[in-house]
Amino acid sequence: MPPFLYIFLGALAIVSALGVIVQRNPIHSLLALIATLMTVAVLFIGEDAVVVGFLQIIVYAGAIMVLFLFVIWLLNLQVETGPTGHLALKLFGSLTAALLATELFFILAPPHLQVKFTHEPVGYGSLASLAGKLFTDYLVAFEVTSVLLLAAVVGSVALARRLPGTDDPRAARKTAS
Amino acid sequence: MSPFNLAAINFVWLPILPLVVVTVAAMAVLLAGVRVDDSESEGLGLLTLASLAVAFVFTLGILGQYGVAFAGAISVDSFSAFFELVILIAAMFTVMMSLDYAAENRIPGAEYYSLLLFSVLGMMLMAAAGDLIVIFLGLETMSITVYVLAGIMRRNAKSNEAAIKYFLLGAFSTGFLLYGIALVYGATGTIKLGPIHDALASGAMGSNPLLLAGIGMMVIGFGFKVAAVPFHMWAPDVYEGAPTPVTAFMAVGVKLAAFAAFIRVFMVDFASVGAHWQTVLWVIAALTMTGGNLIAVVQTNIKRMLAYSAIAHAGYLLLGMAAGVRSGPAILYYLLGYTFTNLGAFSVVIALERRGEAGNQISDFRGLAARQPLLAGAMAIFLLSLTGVPPMAGFVGKFYIFSEALHQGYVGLVIIAVLNSVVSAYYYFYVLVAMYMQEGGVEVERLSARPALVAAVGLAALATILIGVYPQPYIASAANAFHSASGAEGSHSAALEP
Amino acid sequence: MTVEFPALALILLFPALGVLFNLFLGPRYGRGAVNVVGPGVVFVAFGVATWAFLTLLAMPPGGALAVHLWGWIEAGRFHTELGLRLDALSGVMVMIVTGVGALIHLYSVGYMAHDEDFARFFTYMNLFAFSMLILILADNLLMMFVGWEGVGLCSYLLIAFWYTNPQFAYNGRKAFVVNRIGDAGFLLGIFTIVATLGAHDVWTLDFVELRQHAALLGGAAATAAGFLLFIGATGKSAQIPLYVWLPDAMVGPTPVSALIHAATMVTAGVYMIARLGFIYTMAPAALGLVATIGGLTALFAATIALVQPDIKKVLAYSTISQLGYMFLGVGSGAYASGIFHLMTHAFFKGLLFLCAGSVIHALGGEQDMNKMGGLRRKLPITFWTMFIATLAIAAVPPFSGYFSKDLILEAAYDSGHSWLWFLGVITAGLTSFYMFRLIFMTFFGESRVDSEKEHHLHESPAVMAIPLIVLAILATVGGWVNLPGGLLWGNAFVRFLTPAVGAFKPIVEASPTSLSLAASIASALGIALAYLFYLRLPGVPMLLAWRLKDLYNLLLNKYYIDQLYNFIVTRPLFWVSDNVLNRAIDSFVIDGAADGAGLAVRTSGQIARRAETGNVQHYAFVYLLGALGIVAYYLFLVTH
Amino acid sequence: MIPLTYMMSLSAIIFAIGVAGVIIRRNILVMFMSIELMLNAVNLAFIAIGSRLGSMDGQVIVFFVMTVAAAEAAVGLGIIISIFRNRETVHADDLTLMRW
């Protein structure tokens, strides 16, 4: 990818990321997040991570974000009422976060910042190379993710399924101590 | 070149057998619990206990082996065996505490026990990890399940709140840890612990900015999991709100696993760049000890107080880490004693607790010695051990860590620590005073009908004394465990043959 | 020469069995069984101790008995064994603790006859005996610390034994906190030794090995260790500035005061310094501090004792004062003399407390001497035994206190601390005065007892009287084991102890006779004044108190030290913890930062309401601040 | 290829934006979205480093991070639903039952 495209995509990612945190409406935040994810996915592809880039679009921006959207609608939170946060926290939070970015920037800014550069082997970023890694070096990790997903399903069911004996969630609230 | 080079993986089943047992058990409990009513979950608990015991036996088989398995993803050494065993012990105690508690509070048994087992799996992976990604996945498996466990009493607003606070901050913190891993990956070109160790030990890194920033981010990430100041703010709220057995599990199991990974990464693999992180840990240790102890003094809720106490103890452990590699065995020994002591203390808290909130205030302990002398006596043992009064395990552990740190020249930090343990005596003794020197408090119900809980209290008390009075074998195994980790991941680390 | 002597373990085993029996079976088997087992185990321990001690006596000087139990902490090169060792010093201590302890246990049977909680009482008492014996018999510093903590714990539990009174429980807590300060010093002292010797690759805390390697410590480390360990001693043995807990400890049952807070536990500091004399000998500055604190405490506590109306408070301050004498002795380098006074003090002070307990018992709990008087006919045994004890503490020859106090004052003078000797002489006069004041107010003159209580007055039962008589005999003849040099078996006790603790090396040689005479004159003056004030001219004390109102109030209120400590230590600690750390992080740093920035005045009320903590975002903010700090540090590392 | 510094800086900025979002937004859902931003920033760093190292490890890790993010989303949204049922709020500052 030509450098100017990087600059453009980078700027786009930053702007849409800012959109996530400044929008009043959670739905708008979510849309901005999806835009960020898409932009980052394009950057991935530009860095020869083709498979991962598409996964980012399909799984992340697609599936996971839909889950968010679903919850927002379920809880009827389309419009934020009242202020989105405390003024003091907003000021100092943004300030500190900006400081963190500055510090990281100065650590990572030196032009000689370099890793042990190696030319990408043939087929870098392809599905085969990804799968090859997954089922050899990362076999254990891969198996663990399956367990992790199972645990997450069990956990979310445990938390969000209807309470036994109560059809109406509001009834549960009344019995809450 | 075929990307599927299966020969590169050395399948060695024995080291991961305990992990497999725990996973299978989690699924079995889930299936078995489909038709079990929430108020009759004791059977599931016993099944869980039995499978943990089986895993414990299998873990013993790892002792004495050295090497890596599964293409370096799993470290096989006494270090991982040591932590896996202690984690399994902590889990067994948690189940013993939960048997009646879960049924009484109508906690969904199938989900509860299977999540507990999944969480144990994550912890054991953290202890046995051979690369940073397994550490990360283990940490997430552990954390995600513990978030749910903290909030599993869904009708209880405090439990909800504990879950969301822990979740938000935990996920926030994951970002920092992952960032650290990314930067270390950039600096060393690998995420396998053995090659990282070798790359750093070769001295070629110097002060690579990627490496330095990565170490800093990882300190932040692990600092959160061990509840070090200033990343500790979640701990008191979450400990207070979570169901008490889960609190015990968090205070002990999560901390064990986090320290296992923290110690393995920093004191073994980053050992050669100790100058880059020991100063930071020095400051964090001092802050953690002091902050935890001073705020604990004014607490009135026993779970909150124990939360701050746990923070303070993390401070003592961080002191050991800050003092460098030599104090490794001392940290492991300290963790062992801390495990039994804290589990015991939480068991007593559960014994006093009744449906709802009663029993969680320190004032509820008033007059316990007159009504339940043995329960009070056991609690006294735990409190004395936490204070560091000889001959309990807590004293030997503190003495061991402090003297190692002194020998490394960390005089200032040790003085801070000793002064801190003076302060800590005050709030621990406050509970002793309530038990032995005041009247009132809550009645303890149905103690005789809860044999598992009584057994947990008794075993923990015995262990707390035994480990303190006859610490030799435990010190030896802690030293053996720590040294095996430093040996196995050196340049001579070999892939285990199947 | 050290001989393996496994029976030493029995001395510990029996009290431990007593603890277990009283704890688990005591409530079930009832008072009869507890009354037999509680004191019985200590008597058996005394029997075994006597056997061991006689064995030791039969050995040539410098011998010791030892038993190795098991390896305790073996961490790397550092290792500490659990072992017991009985040499001359620990032998004497064991005899005192088991002997006096057994008598006091016996006395407690009578004293606690009407208390419901007898099983708990004897559990704690046996646990105390067990811990104290560990402290004494330990063959290394770490194990000594185990006993040190154990006796402390029993002490708090027993001070607050009648915990239904919140004040009593508070006093137990106070003792605990003050002692923890001392214990921190002790622990730091141990660490100093470990660190210094470790640097020479010597990893031991065993007393015998420590003594061999003491030279490696060097003057500076020895001084530091000496100072720190002495902080521990000031806590446990109630010396300036940590003495404040002991007077408050008197709310415990009187046998406890006699055993723990007079005869045994509080002398642990003296024992520790004598045990580690080889370190202190290398650290003249630390030793000088010990002597100075001892001398000052002796005088300071004696002045407070002059005016106290509570009979046990007088004895408590007297104990502090006498402990000061012991520290003066060991601080002068005359370790054997200090231990000698420790022994005689155990006899007469234990006896004084038991007698006071007998009086309190007879009066149904009354401790105010203004409500006593004329008791000598009603309580003859108590009166006579207490009178003997008073003669002993007032150093009237030939009672035991005379010999030991003389020896200490002589050592103080001969070691060059002539001004401390002078303080000691004044204290001797004050001691006689306040002790005879106590005797006269309690047993002589008109009875001021409530008529109702007068009715119930009775002498204590035999089980309480026998210990009194035995201790009275000991308080009389106990000093004779060390007659002045040249007289019969002169200096036998000191010669016996010297191989264990080292010999006293005088700097100045003064005539023992003239020194002794000065102290005796001071003593006699004190007695005479007390006689004059409290028997002949009973109006004088009132007049003096009125005339010297400020001084009197100052003494009566114990120099207001308690209030001072409360003001400068306790309250600030709480304030800091409560306000600064607990609230400020959230409400001050976060709100204050907002307000301070002058921002959002309009919404500041809203912010103050909302910025309650518990808010997870504040936590994330604090987290971020920490992260910022750490990253800043690494930025610094990168750029430098 | 664009310099590593550029990619790392971009990643740091997005990370910091995510951090800021967690602190300044009181809606738990938006806080959670901000956390997703942080994770994406880290993913960007992994990919950039990996492609310069010529190693697939970075991409594999991103793959795992996505899985973890999915699991976290499932559990996190479950917790949010559970808390909304009990308290009818998704505002962090209303959840202060436990404090001091």
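For clarity, chains are labelled A, B, C and D in written order, and residue numbers in each chain start from 1.
We take it that a contact is a pair of C-beta atoms (placed from the backbone, for glycine too) under 8 Å apart; a residue touches a chain by one contact, two chains touch by 3 or more.
Computed from a predicted structure; not experimentally measured.
> Looking only at C-beta pairs in contact, point me to the busier pair out of A-B and C-D.
A-B
> Compute the distance, rounded to whole Å, between the mean C-alpha positions of chain A and chain B.
Whole-Å distance between the two chain centres: 29.
> Can you check how far apart chain C and chain D are, centre to centre, with Cα atoms defining each centre and the answer in Å?
The computed centroid separation for chain C versus chain D comes out at 60 Å.
> Approximately how many whole Å separate the CA-defined centres of chain B and chain C?
Here the centre of chain C sits 40 Å away from the centre of chain B.
> Taking the mean of the CA coordinates per chain, how far is chain A from chain D in Å?
Measuring from centre to centre gives 5 Å for this pair.
> Among the residues of chain D, which are close enough to touch at least two other chains?
4, 15, 18-19, 22-24, 26, 31-32, 49-50, 53, 55, 57-58, 60, 64, 68, 71-72, 75, 78-80, 82, 85-87, 92-93, 95, 97-99
> Spell out, as numbers or ranges, the residues of chain C touching 2 or more other chains.
In chain C, residues 582, 610, 614, 616-618, 620-621, 624-625, 627, 631, 634, 638 touch at least two other chains, as defined above.
> Show the residues in chain A shared as contacts by 2 or more other chains, in ascending order.
85-86, 89, 93, 96-97, 100, 104, 107-108, 110, 113, 115-116, 129, 132-133, 137-138, 141, 145, 148, 151-152, 155-159, 172, 176 - these are the residues of chain A that touch more than one other chain.
> What is the shape of the graph in which nodes denote protein chains and edges denote touching chain pairs (line, ring, star, complete, other)?
complete
> What residues on chain C touch chain B, complex-wise?
Result: residues 23, 70-76, 78, 82, 120, 142, 145-146, 149-150, 153, 156-157, 160, 163-164, 166, 168-169, 172-173, 176-177, 180-181, 183-184, 187-188, 191, 194-195, 198-199, 573-574, 576-578, 581-582, 614, 616, 618-620, 622-623, 625-627, 630-631, 633-634, 637-638 of chain C touch chain B.
> With touch defined as at the start, can you tell me which chain B residues reach chain C in the complex?
164-165, 168-169, 172-173, 176, 207, 209, 212-213, 215-217, 219-220, 223-224, 229-231, 233-234, 237, 276, 279-280, 291, 294-295, 297-298, 326, 329-330, 333, 373, 377, 384, 389-391, 395-396, 399-400, 402-404, 406-407, 411, 414-415, 418-419, 421-423, 425-426, 429-430, 433, 436-439, 469-472, 475-476, 479
> Provide the residue numbers of chain D that touch chain A in the complex, in ascending order.
2-10, 12-21, 23-27, 29-30, 32-34, 36-37, 40, 43-44, 47-60, 62-64, 66-75, 77-82, 84-88, 90, 93
> Note which residues of chain A are touching chain B in the complex, please.
104, 107-108, 110, 113, 115-116, 123, 128-129, 131-133, 135-141, 144-145, 147-148, 150-152, 154-159, 163-164, 172, 175-177
> Can you check the complex and tell me which residues of chain C touch chain A?
Listed in rising order, the residues of chain C that touch chain A are 590-591, 593-594, 597, 599-600, 603, 607, 610-611, 617-618, 621, 624-625, 627-628, 631-632, 634-635, 638-639.
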